[in-house]
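Chain IDs A, B and C follow the sequence of writing; residue 1 opens each chain.
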Amino acid sequence: MATTDKPRLSRDHVLELLRHMIRIRRFEGKCAELYTQEKIRGFLHLYDGEEAVAVGVIPVLESRDRVVATYREHGHALVRGVPMKAALAEMYGKQEGCSHGRGGSMHLFDRSTNFYGGNAIVGGGLPLAIGLALADRMRGSDNVTACFFGEGAVAEGEFHESANLAALWSLPVLFVCENNRYAMGTALALSESETDIQHKAACYHMASEAVDGMDVVAVEAAARRAVATIRETGRPYFLECRTYRLRAHSMFDAQLYRDKSEIEAWREKGPILRFRTWLEQNNMLHPLDLVRIEAEVGAEIDEAVAFAEAAAWEPIEQLTRFVYAEQTARDRPVNHVATKS
Amino acid sequence: MAEFRMPSLGADMEAGTLVEWLVKPGDQVKRGDIIAVVETQKGAIEIENFEPGTVEKILVEVGTKVPVGTPLAMIRAEGEPAMSITAPAQPPEPAVAPSRPLEPKAPAPAPTPAPAAGAEAEERVRISPAARRLAEQHGIDVSTLLGSGADGAILLSDVARIIAEPKIGGARGRGFDLAAMRDAIAAAMARSKREIPHYYLAQPIEMTACQDWLAAVNAKRPPDRRLLLGALLVKAVARAARKFPAFNGFYRDGAFKPAPSVHVGMAIAIRGGGLIAPAIHDADGLSLDALMTEMRELVGRVRSGRIRSSEMADPTITVSSLGERGVEQLYGIIYPPQVAIVGFGKVAPSPWIADGKVVARPVINATLAADHRVTDGHAGALFLSEIETLLQEPETL
Amino acid sequence: MLQQKAESQATETTYREAIREAIRDALKRDERVFLMGEDVGRYGGCYAVTKGLLAEFGPERIRDTPLSESGFTGAGIGAAIGGLRPIVELMTVNFSLLALDQILNSAATIRHMSGNQFGVPLVIRMATGAGRQLAAQHSHSLEGWYAHIPGIKVLAPATVEDARGMLWTALEDPDPVLIFEHVMLYNMTGMLASDAGPVGINKAAIRREGNDISLITYGGSLWKTIDAATALAVEGIEAEVVDLRTLRPLDDATIMASVRKTHRAVIVDEGWRTGSLAAEISARITEQAFFDLDGAIGRVCSEEVPIPYPRHLEEAAIPQVPKIIAAAKTALTGG
């Protein structure tokens, strides 16, 4: 099945894109509020400003494809289909959370949507993505593994090892680098000798391009191209999405490293505002659409909050569960001889 | 009416200082508006409002540090009546940094004084858990046991041996009447000090040869067959006593009679304050192994109260060793009618002159308390010197 | 001494050959199994363990990797989650440190962080230990560090039977299993039954019975400990030798049964003494068998020094038979 190259910009589709982005934005805002009230604890990394990347890429994937993300993964989880209730309950630490409450904001996992975290070590998810793709490749499947990471991960050795392995072994990986210009508090120019990241990736001999990460349609188009190429050639693809993080790195960040004026300038170019403006200018968006979207999203968020509030704390007696597999029945080997030469 | 509270911005944030208000009462605010600035350990952070409405009242003034969760302002939602004059439910309180009270260091315990010669202080018994358990199972008082392990630790085999031994005299437990014995000791000691003119000599003895020889011999032996230093000391005294008979015998009825045999009395402390010095018969002729065995058994029987009366009356000279208690020199009191008592302190590294240089050597202080009616210092010096010589060649003992 | 299988034919084989046979057997039995690591294919394996396997199974299943420990270990983790049964070979424990993040922060924790949704059925094999004058960076014994981590299992085969049989059981395990092969054991020969198969990985083995003292050890130190026991027997001291086989989870039941019988214990462990696995075992014995002890628990470990290059210093740095004998005798005096 070929992924079509171009996004079909029907009204339904564009409203869906807008809805996804608004849904993420409002959810993140609610998370911020809940965090200040100490309902969500630990670290909280919000996605404001980068919504177009997750929303542009993930719906292009099939449900059989795989998604690996970072600790700034709420948006990816939501658009991939992890239920909002489960995600929020997870952040509360309740056992109805998608990771049984064990992981929290940085470790959202969901088997049913092939969502492999939620990884808190910068660059740590890349080898994992390589492995998932390797398994698919060795079994002759054309699943794609989409691996999201920030431009800060490009400094880690694991990025280079993974890029090399993906290209060397022809693995079906879609590397999505969300270049939001700051790795926590360090600007890209202060940490990379070569700041053109898609160029760096191209040096590993894989298809590589950069796209305006604030333009959800451009991101979708690039993602369609990339996924189609991967399925067809079996080779990896690198997509650098140039974007901006409108909030601080995490909640407890005084943002001493950038000017407020810079943030405000980017806010004017943010993906939701930009897309909305474009839709309005092209008569594809009516005011009532927005009202409806906001109302639906608001209701869904309220429901998720109520769910998370009412959800249960896991009993302390169960503390040492989930360290090893609990079933005693072993996975018996498949009893036939390998026929490969 | 909604409360705008000091937000938690991180797991390690406990309080924040309000440094700037960006709104005043009467201002309209929306969800997401930045309405104040808070100073934290990470720097100044803008805090956002989540409730739309009108700012009703500022509760915390600029410059105040308050804990997370403290209401900072009241926001009136649209359509709500204005707040009444009554004070808000929770008046803000400035955060008081809790100070950790300095915990005073416990004073160092005063060093325990060295016990006086001949007395036994209450002390911890060095015994392995398994041995203790076995002893308890058999009703054996662990303080009566002599240990063959490292540093005198009591091991399973030591307990097992006691259990296996047949008892003399039938009755279990102590055969002593402690009170009576104390009286007897008091009388004897008083008499000794009254009647016997004591003179005292001390001789430091270099113990390298003994230590080396013991280490070599013991390396090849299982624990319950090893020789202890005490056996060497007793044997050396016994042989010296054989060579210098003026120190081995009894002074009675105004005259001294040397004894034909050398029965060395070994001073053994009993828990509860008793001290007896039963004899090891013919100690000068016993091999070291035999001597060691005798000493072990003697101690075991003393501590469990199974001593024969002949053992009590027979010693011709007494040896007392308090080295294990940390004492350096011991000046004993002669047990009448004996005429000498040899004391040993602890073996300790001490400065020693060898080849004109000061070196550290293991040294023990041997002391002699002798009856001046029978011998004098010259003889005493020769006697101690003989002991010293013998201890330089332990393999000949 | 060692129990030998009395049935069918037994042939002499080396520890290396036994492992090779185990890998071959696994690759034939289960098409999901594949092995990847540095120089495992064309080179035949740094220690010649995989010699010939590339020709037999092809480059997809005997996969040479670039020098990317973190990358290919993470890939092994991902492939295991993705449904395969990879064997990752990290050339030695010394280089495994480059993959430590993936082992600890991914392999050991994904099951827990995901609330039991994803397990990692991965086997990682590594060579370990000192004795070849390879100096400080190539001589570590870090099994104790790995045994510290909840979420993984850690094995130390010390006999040809275990070398042959532990791999398959490890591959069946739904959780990550690390197998440590001591470098000084690869050339060791032993008798192996021709129908030797998988062995259990949860229990320690009594390699020699005795009543006087328990000598508890694993891996490369097992044979030194057995030699020490033989020497002690000449002096009338009968030592019981416990081969741990599995370092995580430790087989407390076997260890305590032995110590309750002998009342004395010395643990022999090639890791550095401070914070060693021996310290952990000592603590457990104190917790579970204190009143059975007739003396302090002894340890014979590596000295507090990076392993030196010259032979006499290397020998002095790691456990040796005389030290084990001396420790045993000390333990017999109550320590």
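Operating definition for what follows: a residue touches a chain if its C-beta (ideal position, glycine included) is under 8 Å from a C-beta of that chain, and two chains touch if they have at least 3 such contacts.
All figures in this text were calculated on a predicted structure; none of them were measured in a lab.
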{"item": "Centre-most chain, if every chain is reduced to its averaged C-alpha atoms", "value": "C"}
{"item": "A-B or A-C - the one linked by more C-beta pairs in contact", "value": "A-C"}
{"item": "Interchain centroid distance [CA atoms averaged], subunit A/subunit C, Å", "value": "40"}
{"item": "Centroid spacing, where centroids are CA-atom means, of subunit A and subunit B in whole angstrom", "value": "64"}
{"item": "For subunit A, residues that touch 2 or more chains besides their own", "value": "none"}
{"item": "Where subunit C touches two or more other chains at once, by residue number", "value": "none"}
{"item": "Interface residues, subunit B side, partner subunit C - complex", "value": "126, 128-133, 147, 149-151, 153, 155-156, 220, 222-223"}
{"item": "Touching residues (chain side subunit C, partner subunit A) in the complex", "value": "27-32, 34, 57-58, 60-61, 65-66, 68, 70-84, 86, 101-102, 105-106, 110-119, 121, 150-151, 153, 171-175"}
{"item": "Complex interface listing, subunit A residues touching subunit B", "value": "29, 32-33, 35-38, 41-43, 248, 250-256"}
{"item": "Residues on subunit C engaged by subunit B in the complex (per definition of touch)", "value": "235-237, 263, 290-295, 330, 332-335"}
{"item": "Contacting residues of subunit A [partner subunit C, same complex]", "value": "66, 97-103, 107, 109-111, 116-121, 124, 126-136, 138-139, 157-158, 161-162, 164-165, 168, 321-327, 330-338, 340-341"}
